[in-house]
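As written, the chain order gives the labels A, B, C, D, E, F, G and H, with residue 1 at the start of each chain.
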Amino acid sequence: MTDLNFFQDIQATLEHETDVRENIRTAVRELDRTCRTVAAILNKVHTVTTPTVIAEVSTTARGRFPDIHNDLKKLAALIPAEQYYRYNGMWTFVLQQACYLAAYTTYLHYERLVTVPEVEEMLGVPVSLRGDLPTFHIGIEDLLHGIVSLTGELTRLTVNCVTHGDFQRPFRIHQFIVDLHSGFQLLNLKNDTLRKRFDSIKYDIKKTEEVVYDISVRKLATKPEAGGGQPTA
Amino acid sequence: MTDLNFFQDIQATLEHETDVRENIRTAVRELDRTCRTVAAILNKVHTVTTPTVIAEVSTTARGRFPDIHNDLKKLAALIPAEQYYRYNGMWTFVLQQACYLAAYTTYLHYERLVTVPEVEEMLGVPVSLRGDLPTFHIGIEDLLHGIVSLTGELTRLTVNCVTHGDFQRPFRIHQFIVDLHSGFQLLNLKNDTLRKRFDSIKYDIKKTEEVVYDISVRKLATKPEAGGGQPTA
Amino acid sequence: MTDLNFFQDIQATLEHETDVRENIRTAVRELDRTCRTVAAILNKVHTVTTPTVIAEVSTTARGRFPDIHNDLKKLAALIPAEQYYRYNGMWTFVLQQACYLAAYTTYLHYERLVTVPEVEEMLGVPVSLRGDLPTFHIGIEDLLHGIVSLTGELTRLTVNCVTHGDFQRPFRIHQFIVDLHSGFQLLNLKNDTLRKRFDSIKYDIKKTEEVVYDISVRKLATKPEAGGGQPTA
Amino acid sequence: MTDLNFFQDIQATLEHETDVRENIRTAVRELDRTCRTVAAILNKVHTVTTPTVIAEVSTTARGRFPDIHNDLKKLAALIPAEQYYRYNGMWTFVLQQACYLAAYTTYLHYERLVTVPEVEEMLGVPVSLRGDLPTFHIGIEDLLHGIVSLTGELTRLTVNCVTHGDFQRPFRIHQFIVDLHSGFQLLNLKNDTLRKRFDSIKYDIKKTEEVVYDISVRKLATKPEAGGGQPTA
Amino acid sequence: MTDLNFFQDIQATLEHETDVRENIRTAVRELDRTCRTVAAILNKVHTVTTPTVIAEVSTTARGRFPDIHNDLKKLAALIPAEQYYRYNGMWTFVLQQACYLAAYTTYLHYERLVTVPEVEEMLGVPVSLRGDLPTFHIGIEDLLHGIVSLTGELTRLTVNCVTHGDFQRPFRIHQFIVDLHSGFQLLNLKNDTLRKRFDSIKYDIKKTEEVVYDISVRKLATKPEAGGGQPTA
Amino acid sequence: MTDLNFFQDIQATLEHETDVRENIRTAVRELDRTCRTVAAILNKVHTVTTPTVIAEVSTTARGRFPDIHNDLKKLAALIPAEQYYRYNGMWTFVLQQACYLAAYTTYLHYERLVTVPEVEEMLGVPVSLRGDLPTFHIGIEDLLHGIVSLTGELTRLTVNCVTHGDFQRPFRIHQFIVDLHSGFQLLNLKNDTLRKRFDSIKYDIKKTEEVVYDISVRKLATKPEAGGGQPTA
Amino acid sequence: GHHRHAPARDMPADILNAFQTFSTSLDEMHDRRERIIKISRDITIASKRMIFLLHRITNTDRDRILTEARAEQRKIVKLFEQVAVELQGNNFYKHHRSIGPGYEEYVEAASFLVFIERGDLATRDELQRELVDDNGNQILPLTEEDYLLGLADLTGELMRYCINIVGKGEHERAAEVRDLLRRIRDDYEIINSPILRKKMGVMRGSLQKVELACYAIKVRGSEYPPEYFQTHDDWSHEG
Amino acid sequence: GHHRHAPARDMPADILNAFQTFSTSLDEMHDRRERIIKISRDITIASKRMIFLLHRITNTDRDRILTEARAEQRKIVKLFEQVAVELQGNNFYKHHRSIGPGYEEYVEAASFLVFIERGDLATRDELQRELVDDNGNQILPLTEEDYLLGLADLTGELMRYCINIVGKGEHERAAEVRDLLRRIRDDYEIINSPILRKKMGVMRGSLQKVELACYAIKVRGSEYPPEYFQTHDDWSHEG
């Protein structure tokens, strides 16, 4: 006997949306849990930084990406066609986290930036460079967020390398972060969150500069020749 | 004319509740004071960090827990049967503080995490591990808050240890915080306050890593072998 | 290495609580929906204020209380024993709404304040007059909030009665609100929210006084003799 | 064993102050309750506005002022010498209320503004026109607040007079409020609260103007000659 | 060694601005006081609404505008060259008040809207219709605020006219407000404060229409022919 | 009938301001982009710190100041005559950045503080030392912010000089920052933001002192005689 | 003259390439957003102008104003047509926050026009059908959410309209507006969507103002029996 | 030229008289408050200037600056003397909010001076004893509250001072400042007065900064054995 003359269909639509959100929330939580497991695995490189251990850890981590892949596929299936951005606030954070994990794992293995095809393969989700994919995808900004997170984590690794007596790697990481920073400078950032986070790269450079300084001034190692000495995987 | 009996009936109830709150407030204030005294005792370890002094301070602090125990007993007696959750906002903060003090005292003594039975014994209040105790208790989240506070204080201690020339302890504290962090990672925290505070552990790890770095890069001490060298009490 | 058992033990408890909250949230949403339906029914009295219509509407509304009753029963079943106060922030608002609906329906029918046994019967939940019920109940303050909402709605009704040419009812409603106000004056309100809302009754009295004034100064009706003319149902 | 080298006496002083505040709070609550009782008595004039009833009510109210007097004396005894303004935020509101009650009771009786000596006698507390009394007193601003409250209440009375067929009194009240407003215009108000409340007098004038208008346009009564017709008590 | 003269030079500048603000604050307070005096004078028309008194009052008020003029000149002199917009938040409110007084005085005298040149002459300050004057000026929005205040005050006057038996003036005021409303409707107001205030003119029309209705229905006067009967001053 | 021309006239003015803000916003964004380009150029000195490279970089940077000059001219042209302070919140941040770039470029070239006439020439905008310029200008506080930013950047440069084996420059930079600090100490800063930033110079001194210490203690270089050894450009 | 694409010395090719691609896409995205925001603002301004115009309506110039308003509406629809290309597929929701304010204000204006024309509420389908190009093809979807938000704002205009006509003595029409406003509010109370929470308070206030205005009419008109007005027909508002 | 005391026509004598009296008292009160606020601001400015001055101290001009600071302090005390007449009896607490900021800043400055002079904390009694006129009579009381608030702010200055001397290589003195700051903070944690709550966060931050600075000194100085420095005595900061 409720009235709702005008709004009957709308009421139904609204209720349907609540259900959609509920399901997405559950799927995102699942994905988040998987990501945390991978993060915990990668975390171990801070404790022991020998090349062997790092190789091991990155291999183990790589073995877990099918899980993330899987969770993402389940999530994607829940999104109504062309409504990706209606709900994307719900998974943005976790998706950025997944990008970070892919970039971190790749760096540990190859000491270089993950490529777009690699990300797509590891996460099983296309990257939308032009932002025009109708299906579930990784936006550029998500990828960039992941890369910013990577520089923070690598900065931490630099510090721990020194503690463990690995004096060469900090030079390489420092150079990598400097290069990433130059890359970011090519971007014309309007997005405020990203811009703020970009500033954090400046801090990372400063921090790694100080580590490199500490090593240099004590002659524990010297700056490697540019281009040389880069390990291949 | 509307019957006013209803209002007369409930007046007594409303006044009673005011009294209950008043009494709880007084008891909480008393407990807070006792906790601050214990905190002040523990604070001294920052000034002198020799093992002897630390042992002394933690022993003195332990001697004050019966006071906390006592204050808590008085407080518990004021809570009407099964209305723990009606008023618990009034003592949450102080109770978390008490948990922190128990954890800190225990760490200084044994260099390990306080156990649940130890907390229960020191504070004289059961911990509600299953979250279902109707009587006065320590909730899990209160305990976790106490542990997070501990990592913050230990991080500060790390810095001051170095200032006093104690270059070994920071390694042990760092390892302890890393372990706690792994523990927290097992939890799927929904509580927003706790989650935010959990992030502060990450900061503590990073900070202690930097301390350990400073010691290592200058060869003031080296990382002890895992598992070895842990003092027993 | 710190023992992680503690964290493993409590993980289950934390997840359990999340589930409990999730379930409560769903049940509260359901209850809210039912309450809104009843409110929509009662809303019709503003459109037509003849005694016949008012009687009809209140009868229809009464017929819906079993639904509220039912929803409340489902909600109550979700609360772990003696943890009413742990979660009650989640349903306070809706419960106050339900009390208001019971009071409004009853007023429309009998032109008097609902009694405590009537509320208990209509909602199927005991009122905790002494404030000491451990099980699911209606707190005194919830009931009072419901009554304050009633005076606001009746004030609005006063205005609409006049618009529909019903010049007698406003006198009766005004008197009813004045009486309720006297009742509230007997209480020594400490609760700040309630106190603020109590002030809104003063506004309601002033507003209904102005309506009664407008009727009187134009001789559209005159103040009925005290005690006489009150309709019985 | 707490430290507090520097602050030992200060600690004691602070604890003493807490006690003083606690006692004042209790005394103010008592005074508040008494004031509410008197307000409830005066409230009855809105229900019946015949001269007889008004005279009766004001007499009954006057009989209760010794209670207020008494509560104020108890309160005053708690204030340390020359520290009236250290704590006065705690009783300002109630004291203004008491001034209002004195002014209202007096107006009902004599239809004129209460005089300063009358206030002093009714409340048993000196009014400090120069603000230089060392003992417990009524500040000018408190008195003015009381007078502003009076205009609000009299405006309400104007409306109810008409409802009860008393068409002369509104003219007198309107004139009284206009005069008070002129009085307030003599003041150079800096105090923001008072200034805001002063604006409420403008609203009261407007409202009473409308009542007087309604009476006049319907020829229910005519504006009395200025100065004439003022009842003496 | 870096030259320190630079720093010495700027120290003085930094201290200067505090003084400027202090002086502006004092001048604004002075202006506010003068405006209140004029407002008090104009206020008298509500008490007696005969043409003679109104003429008298408006003449007296006009005689006071040189004071406002003077205060504004003093204020303007304090504003550092072309820094009007650096400080204008400090006097906006009072300036709007001054515009209102000019408009009110003019209406009482001529029964028409004040013109821009008249405002400029009365206040001795140019109106910046284009918003581009660098010196001290009246902004358009200030002037509009003043006009909105005028309609409120005239509505009140309408009511009082009837009380005092002046049944013609309300028709003229009503028409004037209707005309102003048409004027405001030509504006596409984006400024929210101003739009809200503009809405209040609708209420003023409603109120004056009610007064005019009351007069007409009782044949106390009849609607004058459009354009005719307008008094000249 | 009231004249409606008045309202028509002002409608245009009301719409104008929105456009002004829009244009300023665009111009500020343009300026910001140019500043970032110059910052990117200067950034290269951290990678290679030889005198040749530094000279090169500063020359390249100088070559870009006409762009900034140009953007600032465009911006200035948008500000309606003498309404600098109406909008200046929109460009404060970028203007401070421009001052910093001028100071940095100048330091790299001459190893001394930029002079006010130099800033004016490089940016093409007058500095308002007395704070009284009506036209577009650089405020003192903007300039000071720029200088504070300079010390932070130079501190970073100090660290990188050492890494690149340039052990003399840190002594000169350290002395320069110490001198600037003495300059700032002459100011009695009331502005809180500026004082906080000023505090950061203390940290810069501390950091450069550490670098100088590291160099000295290892005899990598010795403190140069005061006044001597300063390179000329 | 911007040179931000000049490669920094020594940047490795992989990073350089990656970021150059990122840069292009980001710029595309930002430019698109800028264009959308710009048009959204234009739509908002035009819609507000349309609302102001409709408030100026009187019995004598009703037709002229309605024609003007319909023309204004066509202009707004053209703006939507202009922006539609930017909002295809995923881009619709991606930039919804940028175009949202425009939608909301447009729904408010278009439904106000419908109300003025026929005194009733525009349905979502109806408004959707007006959002077509010259060939009758749908330009863009009108979501339930935008419809609800715009309609919520409409109640504010209905309130203004109602107070205005009460001042002009059009009392029956005022009662109709009140009834419509009541129906909207009652339905919105049931819908209870979180996105509406902020607007509900304002809506309740608007209804209260309108109910009070209608009350005032009744109070006034009831004072004298209807017969009275037969001899005073210059003021017989009620019939 | 104000005429606000001109009686409005017809105002009854009782109301007129009452309000004329009220007016006089209110004006007196307000004028007093204005005077107090003015002097409080002067005190604040002078105290800040004194603090800035003390931060400029160096080993070579210590005596000159201390003399200057003492002179500045005497000037501030004169300001208190000037305002004292307004703050007698009940007026002290009545206008405490107006003079409070001045007190707070003065305590900060005066205790900073004591700290510079002898490296220790000024007691309340001591500061009270400095608040005397030329004949040695107490000018005004110094409440516990003002003392605590001012001292809380002092910790910020101590932090600045400490970072500053670390930059100059005065390491032992830095450790002393740290110890003092720790003592203050520890005691304040126990006192736990609600008025301090807002300042405690800042104070904890200051202590942390100072502890970190001292840590940095130690870390640096420990790298080489003390013998090392005997041959490098130009950098033997530590002793």
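Assume a contact is a pair of C-beta atoms (placed from the backbone, for glycine too) under 8 Å apart; a residue touches a chain by one contact, two chains touch by 3 or more.
These numbers were taken from a predicted model, which means no experiment stands behind them.
Undergrad: So which chain is the furthest away from subunit A, centre to centre on CA atoms?
TA: Chain D.
Undergrad: Count the C-beta pairs in contact for C-D and for E-F, then report the pair with the higher count.
TA: Of the two interfaces, C-D and E-F, more C-beta pairs touch across E-F.
Undergrad: When the Cα trace of subunit B is superposed on that of subunit C, what is the rotation angle, expressed as a multiple of 5 degrees?
TA: About 180 degrees, rounded to the nearest 5.
Undergrad: Taking shared residue numbers divided by all residue numbers at the interface, is the value for subunit D and subunit E over half (same) or under half (different)?
TA: different
Undergrad: Between subunit D and subunit H, what is the separation of their C-alpha centroids in Å?
TA: Between these chains, centre-to-centre, one finds 41 Å.
Undergrad: Where the CA atoms of subunit B average out and where those of subunit F average out, how many Å apart are those spots?
TA: 47
Undergrad: Could you state the distance in Å from the CA-based centre of subunit D to that of subunit F?
TA: 61
Undergrad: Show the residues in subunit B shared as contacts by 2 or more other chains, in ascending order.
TA: If we look for residues of subunit B contacting two or more partner chains, we find 37, 40, 182, 188, 218.
Undergrad: At least two partner chains per residue is the criterion; list those residues in subunit G.
TA: Touching at least two other chains: 4, 8, 10, 186, 190, 223.
Undergrad: Touching residues of subunit B toward subunit H in the complex: what are they?
TA: 32-33, 36-37, 39-40, 43, 46-47, 156, 159-160, 162-165, 167, 211, 214-215, 218-220
Undergrad: Hey, which residues of subunit E end up touching subunit F in the complex?
TA: Answer in residue numbers: 1-4, 6-11, 13-18, 80-86, 112-113, 115-116, 129-132, 134, 140, 144, 176, 179-180, 182-184, 186-191, 227.
Undergrad: Quick one: which bits of subunit G touch subunit A in the complex? Just the residue numbers, please.
TA: 4-5, 8, 10-12, 14-16, 18-23, 25-30, 33, 89-96, 121, 123-124, 144, 147-148, 183-184, 186-187, 190-191, 193
Undergrad: Could you list, by residue number, the parts of subunit C that touch subunit D in their complex?
TA: Subunit C reaches subunit D through residues 178, 182, 185, 188, 206, 209-210, 212-213, 216-218, 223.
Undergrad: Considering the complex alone, what residue numbers of subunit H touch subunit F?
TA: Touching subunit F from subunit H are residues 48-49, 52, 55-56, 160, 163-164, 166-169, 213, 216, 220, 223-224, 228-229, 232, 234-235, 237.
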